[in-house]
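Got a structure for you, written out below as structure tokens; questions coming shortly.
We call the chains A, B, C and D, going by the order they appear; numbering starts again at 1 in every chain.
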Amino acid sequence: MIVNQFLVVAAALFSLGVYGLLVRRNAVMVLLAVELMLNAVNLNLIAFESVLRTPEALGQIFAIFVITVAAAEVGIGLAIILLIFRNRRSANVDDFNLMKL
Amino acid sequence: MTDLLSNFWVLLVLKVLVVATLIPLAGMVIGFAEMKLSAKMQNRVGPYFAGGRWGWAQLIADGVKFFQKEDLVPAEADRAVFKFAPMLVFIGTVALFVVLPAGPDLVVQNLDVGIFYALAISSISTIGVLVAGWSSANKYSLMGGLRAAGQLIAYELPLVLSVVGVVVMAGTMSLNGIVEAQAGWLSETGWQGGLPFVIPQLLGFVIFMIAALAELSRIPFDMPIAESELVMGYVTEYSGFRFLFFFLAEFANMFSMSAIAATLFLGGYWAPFVPADMLNWAGPAILAAKVGALVFLMIWFRWTFPRFREDQLQSLAWKWLIPLSLLNIVLTGIFKVAF
Amino acid sequence: MTFDVWLSDPVNWVYLAIGAAVLLCGVRVVTSQNVVHAALFLVGALAGSAALMLLLSAEFVAWTVVLVYIGAVIVLFLFGIMITRAPVVRDVGLDNKKARPVAAVVALATFAVLTYTSLLAFGNTEVARVGDPTPTETLAEGLLGRFVLPFEVVGFILLAALIGGITLARRDLSPAEEEERGAV
Amino acid sequence: MNPLVLAAEEGAEHAVELAAGGAATQWAGLMLVSPFVAFLLIIWLGKNMKYKGGEFAVAAMGLNLVIATILFFQNAQGGILNDTHIFEIGRIGLFEGRDLVFELGWMVDGLSIMMYWVVAFVGLLVFIYALGYMHGDVRVTMFFASFSLFAGAMLILVGAPNLIQLIIGWEGVGLASYLLIGHYWEDLDNVRSGNKAFLTNKVADVGLILGAIFLGMGIGDFRFTHINEAAAAGEAGLQTVAVAGALLMFLGAMGKSAQFPLHIWLPDAMAGPTPVSALMHAATMVTAGVYLMARLFPVYQYMAGEAEILGGIITVRGLMVGIGAITLLAMGLLALVANDLKKVLAYSTVSQLGYMMTAVAAGGYTAGLFHLFTHAFFKALLFLGAGSVIHAVHSNNMTDMGGLRKDMPHTFRTFIIGSLALAGIIPLAGFWSKDEILATLDYEGYTFVFWVAVAGAFVTAFYMTRAIALTFFGTYKGHGHPHESPTIMTGPLWVLAVPSVIAGFLNVPGLEFGSFHNFTTWLAARVVPLGDHHPEAPDWGLAAIGLGAAVLGIALGWLVFGRDADTQEARDRLEIPVLYPLLRAKYFMDHIAWAIVGFTMGPAARAMNWVNTYILDGIVNGVGAITMALGRFVYGGVDQRGIDGFFNGVAMASDAAGSAMRKLQTGRVQQYAAGFMVGALVLVAAVAIFR
């Protein structure tokens, strides 16, 4: 096994996440795409760790941090989406243009 | 013979076969036990005629009946997901058997992170339940699915947290290691080794059992099914062998949860005064006895407690079990450091 | 390393199978026109990623991914999907069709750049110590030793997210409703 | 070493020890600072206090008196002090080896201790007196602030170890006196008096500053120690510088000490509140000139004294003695015709300053300073008494007074004591100090000046008798019913009366108080001790002449004014032709001064006005016109079209760009995300490619 085979899979997952992030209208779908990207990042970290083999398994530790933060992000993100849905009866990102004048 | 057994692939096939036979067997035994015990508790006779004596073939007959039935899919349902959901539930159940040790060597795979694996893999069935309810295109099913998901998430936390105390005491997450940590024997200087964790971890055991009951959606936590109000919850639209999957998964899950509880808290395949070299042979029997006791407890509860209301269920989890399990971890940590 | 040498290792077959599954699931996650399907394909993609992590001997992280992502995050997503009334049938308006070419170009460019830099950086570097899982003890000592402060910070972030999520999502009750709720 | 110095040291009966004085001399610097602290505190907090800040002034002076008294007794009881604390604060390298060094610090020697003590003692009593006198007056806080400044500046002056700090204190005294003389500035006359005092002093100050520069740069150091050592060493090369510097500084001393013809400001300075006059005439300000002469005694006596000036007509010392003699007699005569009680005392002060100046100039170091010392007490006493009277009758004019001896018994008795002391009646203080001056003049051979001084003593006694007769005897001619002043004012009078009586015994020739020595010995503690004549025993013959003149004056005065002091006729008897109009016109000195100013300044001013109007204004107007034309061009051509056009263009471009760019702000998160991704990719790709 060479490390690049995993990195390529991670890159592909990340790119798919980017595609989903840019193309989806539904906010929940956008968050799904973000999760995909984060997972790709985790995979990358694990792959690096499998090459570097640091004594403290730094890559894996960072992956755990990423997972934790991702969990927090999903909780907050879904709460926000729920709130917006409740107020605007829509979960479409297109309708989230409140920031514009 | 030993050469054959040491071959990876042969061993794998063997293990898969054992698990594959064990799951329906355990499910059927427990299902039958439930029928008979329920009958006893309700002062009935229960299954009587099938197979002649005690109606022992009742469940086999039921199974054959389910397989004969038409595989109905509602017209509005999401067919693919509807068909996939029971499998997803079943995967979570089957995968649990991988790490259950029935003896020092009688284990499919002794993982370093055994109990963690068990908890992780069992959480997959939540998705199956939720998706099953959704894909049925039936509001009772959806309600049942949502209730199930909320319940499973809520009780996953105390379940995991109550296990932490055991892990801390044992110093390992391997199930074999946890069993070994509980093994003790009487020597000339007194009791050597460990004790079953039910004694130091009584609080954890109680929490684990309550949470396990909720995870299994058994009475008094059976709101997802709730025959009286939601008809049958997320399994309403299922029939035939797909219903059998759910049915079997429920009882298999009862078995695996009880087995995990027995392993974590009651010493698993170990029993006092049983010589260590005999454990590979006596282990399954010892484990089966403990699991039987716990399963009996669960069946007993079914006819003892009324069903919780949804908000009571949630508040029990979030307001009592989680704080108590956190307290348990703290106390265990202090205990571990102090002694 | 030539391709046939690489292929002679059975582990790589496993890798190919899992990788193909992961990519397939990933593609379906972003192209599926049914929100629940997309979520389920994400389960597949995550499970495949966990399997790849197992191949890379990151056992604990793999099962953490299963426990946290599949067991909790996806369930949350399904909750969110169902609460925001995702239709059972195909949703033709799920994608922003005008954005597809741009998104595709950006995604391909991302893939190209990432792949190029990965190849540039690692080339044919072999994965070290295959099938030698990292002991959980190592991770535990790392997390609770050197990284105990970030660990605590992350815990605090989780707590804040929990409280924030509850605060955001709870419906503000009218005084009459409050009273009714309190009376029960 | 200069043989004169050797002779002085050998011949001197007062052996001089140069000894550090211990802790007290180190704490002496506090005296220079405390009035300024009080000044700040008065400004800050004074308004809200019971005596409007006078408490701080009194407290500071009380502290100073304690320190000064400790120093005084240390110095008096054998341990003769000579200590200098100097802090260099700046240095300008003007000449090779002759840097202009700015130093601050304080000096402790016999002379400065005496001055410290006089300033602190008289200052404290005057301040206490002022608490009562100024009560309910306008701007009391301001008054006490300026008063503290006045005393502080005087202490800076007398403590100065070098000429530069002395000038700082000197100017500070001038400033504070200006503020105090013009205290009642609602009245234009008072403002003019302040201006007159200030400007007259400024004329003199030019001399002082130039003299200080001459002397300091010539000798190469501004420190008194070095200047005096150089003067004692008597380097011939320095004599010209020393003569020029000494004469210029004598001009400064003439201004401050109101010597003829620069005395014109002092009588007018009576416009200020009476405590100001008391302090100004007794302890601060006017004594500064005499102090300067004493401080630079070696310069005047051994370096410049015998130099002939004005084409050999007169020596420097002769000039100084002559001016002092003119002052002491002419100003005394002016006191005879003044109707204002304070002006009588003011002319008296000028006259007495003439005595001091004459004595110091003639070489009577101890004599002049001893007179300064005793004079401070009885002149302060007299001024405070006059203030008490004025406070009672609300008028300065003696024509509004009369018969006050019954109404104001304390004021009357203390005034009598002060007057007798001033007149030089044995055994009061004035007798001994005046006798010492007469003895010095006799010893130094100034026979004519000696007789002038005797005449001055006669005149002094005469005008004091007149003043007393017009004020306290006869019948009351003013309005209302006068009453005695409160204790806070009469208390200081009695306290001052004590040294007015006994201070003279401190320096009776041949009289010693055991280890307590006498005044001459204390003063002898100096940087460069140069002895002066001090007789072994009183010369009773000279004393009899002086005393006789005084008694004669009192008798004549009583004869003229005593019987019917309240009639206009009594004064008319004095209207001797020529002399009386001359005196009434104050020798036309004010007119002369005005004429000088008018003749010189008038045409000059007119010329300057012409230059200003036609040349300077023309230039300025021309420049203005050119500037305006330029400005119009810049405004119209450059600013409106060029710069404004540029900025308007920039603004319009920004506006257009903004309008174009705002289309990018769609509010769609995903478009932003796409941009973000592309940017990140470009960066990564750039790093990957160009690393």
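Here is the rule we go by: a residue touches a chain if its C-beta (ideal position, glycine included) is under 8 Å from a C-beta of that chain, and two chains touch if they have at least 3 such contacts.
Remember, it's a predicted structure, so these values are computed and weren't measured experimentally.
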_For subunit A and subunit B, which third chains touch each of them?_
C
*Indicate, using Cα centroids, the chain positioned nearest the centre of all protein chains shown.*
A
*Sort out for me whether B-C or A-D is joined by the greater number of C-beta contact pairs.*
B-C
*Could you tell me the distance, in whole angstrom, between the mean C-alpha positions of subunit B and subunit D?*
109
*Per the centroid of Cα atoms for each chain, what is the distance between subunit A and subunit D, given in Å?*
88
*Averaging only over C-alpha atoms, locate the centres of subunit B and subunit C and give their separation in whole Å.*
27
*Give, as an integer number of Å, the spacing between the C-alpha centres of subunit C and subunit A.*
6
*asked:* Multi-chain contacts only, two chains or more: what residues does subunit C have there?
replied: 60, 64, 72, 76, 79, 96, 99, 102-103, 106, 110, 114
*Which residues of subunit A are in contact with two or more other chains?*
18, 21-24, 94
*Multi-chain contacts in subunit D: which residues touch at least two other chains?*
670, 674, 677
*Taking touching chains as linked, do they make an open path (line), a single closed cycle (ring), a hub with spokes (star), an all-linked set (complete), or other?*
other
_Going by the contact rule set out above, which residues of subunit C touch subunit D in the complex?_
96, 99, 102-103, 106, 109-110, 113-114, 116-117, 120
*Parts of subunit A lying in touch with subunit C, wherever the complex brings them together*: 1-26, 28-29, 31-33, 35-36, 39-40, 42-43, 46-47, 49-51, 53, 55-61, 63-65, 67-76, 78-83, 85-86, 91-92, 94
_Quick check: in the complex, which residue numbers of subunit C touch subunit A?_
1, 6, 9, 11-12, 15, 19, 22-23, 26-27, 29-30, 35, 38-39, 42, 45-46, 49, 52-53, 55-58, 60-61, 64-65, 68-69, 72-73, 76-77, 79-81, 83-84, 86, 91, 93-96, 99-100, 102-104, 106-108, 110-111, 114-115, 118-119, 122-130, 134, 138-139, 141-143, 146-147, 150, 154-155, 157-158, 160-162, 164-169, 171
_Partner subunit C, residues of subunit B touching it in the complex_ = 76-78, 80-81, 84, 111-113, 116-117, 119-121, 123-124, 126-127, 130-131, 134-135, 137, 142, 146, 149-150, 152-153, 156, 173
*Using the touch definition up top, name the residues of subunit D that touch subunit C in the complex.*
670, 674, 677-678, 681, 684-685, 688
